[in-house]
């Protein structure tokens, strides 16, 4: 009964959306803003990766929000899991095998390096702060899985989160005082496109984001792992 | 002349009322094939009572009876007695209706101060009976007021001279019938003699009265009888141009009332109210509607 | 002397009273008394003045104003006068009770807001004060606590809220049409409005005023509220607060709409004033019989308040100068005697330890003579016994009804009076007369400060009954202000073509007759004083203190009318409240607690929107 | 181009969205509901991406000189999806955290049994 | 020159600072929201006179508007920002005393982020940005509802989260469809191009967005999460959720309908929906015996009233709706705060456990009473001018359908009055069974309640400044062409 009703209702919605989609031809150029970005993105932001120029340039404010969302989720998860579970019970876990342990320790810096590469080169190649941050966090996940006793230091992770966010906001606020008087305006020299040191504040922000996301996701993993034990 | 009547009229009313009391006892006795007391018996009683010692339950006990009698005396002044109507300029039917309240209220207060339950029962009956007959009575009086478009009883009498007796003119005859149907209740005679009901509640409100109090109460009773009959004569039977003719008319009505009194047993209070609120009220309502619809 | 100052003193006094109460109770009492007294003095200084002034403070672009004229003055004087007496009465009555700061402050606040309603020069400030009056009253009704008082409070505030909401709609509707809310300006505009809107506004306003004036069928809040409030406050409630409804009717019918408009609104015999008059008539009769059925001293008085409101409305709706004078005068009279009666009932309650049940009182005449005199005079005023004030106003109302050819209305009014007589006597008899129960042997008389208001009001009832010209001249000015022809008032009464009333003649006659009878009784009769219980019982002993005939005083009558005078309106309203409750109980079931259902609602909503658009494309 | 060819992404995206909604509607287990949410998110993301798709387009990255900017796909939806994914992850993480705590408190994940709050 | 972006950026920066601060002292974190709110309040008030004349369009990144995300600080935005800061400040002060258990620093951090999200929603001029800030608001409120970690809080939070996530999924879908059709995300730009496409195909995104935002705005039938969440959250959070969060959702919805879509044809439906929401909310509230749940349902009713007023779409009605929104924020926040400590002291949320509170906690009870009276719309409290404006707006439409709907709305108000008065009586006049000694709420909490109560009375008596502000806000909301012009110029 319930399924039947759901199907009928969803069918109605599907029909409606389908009718609208008829207006949005697939695979054709329909955009207005996007075209402009492609045309002038390099000149405006100095980033070769137009997606990055959108994410950290044109729509950097969204990204700030996005960072905040992740921050909220991490803090919120911490808050939700913190209450009532502070009993400090720790099951003794069976340590991982030596191979695994060594492998993890071996891979950990490499993954970190890879992550850093991704977010440092965000304005040049596919990738960026979020992607890099996620890779960094996966390194920590690996450590949690392979080296079960190890924990990240909350103080450090918190400080990283904080500083990452502060850098982002601070850079943005500096824009208010800098030439354009605009929040998050790209006031640093843009350099030559396709060079590492180019695109003004974009790489700096992406690095900050990378650290922050890495720390946050690691924190989330940490919270959940702690809870599951 | 006016001023003289102002003082004479109540006395006349008093005397007439007391004589009516005696007369009614005599007539009633004859109807019962008894000899009956002399007509002046009430007078004798009253004089005798004044000479007796009596018990008083307090100031209100005195005040109530005074209020009651004084109130009744004043109503008399408002009622035309033939061409005599000393105070009719100061009020009218509305005032009379209200003043008629003072009599029972005074007695009630006075009797209430004694702790005799019979008195209380009597009072409660009196008040219930009053609301019983007031309902049709109001309908009747309003029919008169609407018909004649006045609240002055003198006017009513005067207008009847032109149009003939109310009881004989068309729309008011209905109200007249209703009035006659409730007249026994107004006069508190059988079948509505349930306030005093000597056999049941030892004369009700009067139970604590003795001596001069009882005398005054009897006088008040006589006066209220006078008032009731006088009101009917004025309203229904065209009043009179001379006090003597007026007296005659009153006598006729009294006799009518006595027949009813003799013919019916006492009702219980509920029966009385039910009766009063049924036919007399209905007829009174019809009368009022007619009076309003037919107009002036 | 300005109205702003008056209002300021009233409102500020209320707040200050609360603050002072935190410092010292004595200071608080003194200040409350002083404040009430000052207000009375101030309002009397304003007698005869007439002006309208804008307040410095506007509200949402609307100019607020206050005004003073005879109508306002008349109502203001009743409010402040009763307020003063009530405060005096409270000094002892409320002593040793809890929350006195709150009590005094709220009492004064209610007075201040009532004052505000009558001096308001525009409908918005009228409404604001009206609402303040409503909620502060609600805060005081339940002061006594206990389930009955709480129920009374909620009943009151819900009814009152209905009233104020309808009034708000009416006021705003006027505002939307005419872009002003000043009463004087509206009076000019309303003449030009359409019938439909006039009717709309009229009906909505009337609902409000009928509710607060507790006319049938919106009377149901009053008996509970008045009976359950503390007595000094019951006096204010009954004497002045409910009469704000009449003030509103005056404003509405005469100051704003005017006669021509009212006349145009008639639809055959179904004119506005006829409807109002019949509501009044039904109220009178119904309330009289309901009061008859009560067994609680304050509840009787509460019902009588309902009924007396009917008389006033009758007088007002007849809309002749006589009727108007009668109605207006009756407001004053009712205010005096009902306050007196509530004070008396309160005094009884105070001395007997909170007993209001008429079946268990009795014989208190010797113990509390002042209360008895007050009660008796008050009841006489209530009934309208000649030579008390109630008589004059009732006479005016009856007379106007009869002369205007409204015999059926007059019938209702008369019948109501007879009902009044019955329950009035019951009130007196069951409390003061008959046997004194043993437990009341040691009851003391009324304390001095409680006796003061009682005595003052008693005197006033006689004064206005014997010299009705004094208040009638004010009443006449009110009528003139509202556009009625002036009555030819003399200090003794009102002369007119058909049936004059000359109260002094009456008084003289009664005095002489009474004196003569009294002389006869004193001179001829010889009496000895005996104890109350020393009664004739045909030889049987009457058990002392246990044989007070009060229970079921009118039981034969109850048996006859009882089935017909149930308060079915109240029952109906309660039923509606019950239904609302069950509807609510059912409605809340849509929140089932299962989150899948909730999501289903969201998706259903979306699908419904889309479906409707696809099927009919209305948007 | 056949219909499916031209609308394949849309069909897929909305297929996922509808499946996600259906799961949320008919499943009782909290974890499954969360999975449904996740599917819904994925569908929406896929849809966003496909809005910006350009037939035979290239990634909007000027990795070398002389790339035809006309054949680049719209970068904006990609940026949006990036954000949307992160938001989705955030919600997912919080939801799972809550699920864990809820299970500790109620001992069940059946949402039909978790209805202390109702009416 | 004060930039409106400070309203978002500075609190956000402060929020990012909190983890650092809490490394030093956990308790110190609680001062951060207070500071942020104070700052925002000052900024908003500074901005206010300017934006009343000329809205400030802040271009983030410095690109011309359709290509950047712009903030639109018109009267509406700044008014809301001020309101958020004000309510946020009061509640933050309250929470300093009220929140004692759990990870306190995280509570304050989330709380601050919630406010940032709300501020962002009201200021932004970009639909996707709106979505992002909306998510900040929602996610932080999911977490805060569960803050106490008790059974009901978790349950409510999970339910809230599921419904909210579905809602935001729908919203995102709608935004995607919009982008697909218009190729732009800027509100003004979309509004500008609205006429260029088939109206039918615009409807589906509109429906999706209404449904999506409607979940947070708590319009019937999308509001099932609200009574659970608002009643189970800590009282300070209930206050902010009832006072700010749902209002912001409603704002977003109205902004979408008015400015972006210009969908005047659906407004009549929204008017009905508002009246229905009002009635159902009040009916459900009437049947409650749990005081916080009652307040929560009352919020639904109030949202219905606001929606009713806003959807009538005349300058009067929108002004009335915004005024009502403001008065609801103040009153409901006060009610929840007052109820919070009464519940805390009595240990139960049942109305019956509040008996006798008038003696135990006189000031708190007084605050509750003021809030209740104001919510019912009694003068001289702030609820009255707003009710007056709404009634005026409905009658000014001069159509019988609005008059009838107004009748239903007032019926709802009546029911609301009935249950609030019932509670006030319970507080003052019923005898409590337990302790009777005085137990005042902490001074900080009292200060916060006093702020709200004073504002309620002050604005109630002197509503003119607020009325002016909401008047020009209404003009801004209704004047679509002006919005487009001032952004795209």
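Letters A, B, C, D and E mark the chains as written, and numbering starts fresh at 1 in each.
Convention: contacts are C-beta pairs under 8 Å (C-beta built on N, C-alpha and C of every residue); 3 or more make two chains touch, one makes a residue touch a chain.
All values reported here derive from a predicted model rather than from experimental measurement.
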item: Given chain B and chain E, the chains that contact each of them; value: C
item: Chain pair with more C-beta contacts, A-D versus A-E; value: A-E
item: Most remote chain, CA-based centroid, reference being chain B; value: A
item: Computed distance of Cα centres, chain E from chain D, in Å; value: 28
item: Mean-CA-position distance for chain B and chain A (Å); value: 106
item: Chain C-chain D separation of Cα centroids, rounded to whole Å; value: 68
item: For chain C paired with chain E, centre-to-centre distance based on mean C-alpha positions, whole Å; value: 43
item: Contacts with two or more other chains, residues of chain A listed in rising order; value: 2, 6, 10, 13, 16-17, 19, 21, 24, 30-31, 33-34, 37, 59, 62, 65-66, 69, 72-73, 76-77, 80, 84
item: Residues of chain B touching at least two other chains; value: none
item: In chain C, residues with contacts to at least two other chains; value: 588, 591, 595-596, 599-600, 603-604, 606, 610, 613
item: Chain pairs that touch, as defined at the top of this document; value: A-C, A-D, A-E, B-C, C-D, C-E, D-E
item: In the complex, chain C residues that touch chain D; value: 588-589, 591-596, 599-600, 603
item: Chain A-facing residues of chain D, complex; value: 6-7, 9-10, 14, 18, 21-22, 25-26, 50-55, 59-64, 69, 72, 74-80, 82-83, 85-87, 89-91, 93-94, 96-98, 100-101, 104
item: Footprint of chain C on chain D - complex, ascending; value: 21, 24-28, 33, 111-112, 115-119
item: Residues on chain A engaged by chain E in the complex (per definition of touch); value: 16-17, 19-24, 30-34, 36-37, 44, 57-62, 64-66, 68-69, 71-73, 75-80, 82-84, 155, 158-159, 161-166, 168-170, 172-173, 175-176, 180-186
item: Chain E residues touching chain C - in the complex, by the definition given at the top; value: 158-159, 162-163, 166-167, 170, 200, 203-204, 206-208, 210-211, 214-215, 221-222, 224-225, 227, 263, 265-266, 269, 280, 283-284, 286-288, 297, 373, 376, 378-380, 384-385, 387-389, 391-392, 395-396, 398, 406, 410, 413-415, 417-418, 421-422, 425, 428-431, 461-464, 467
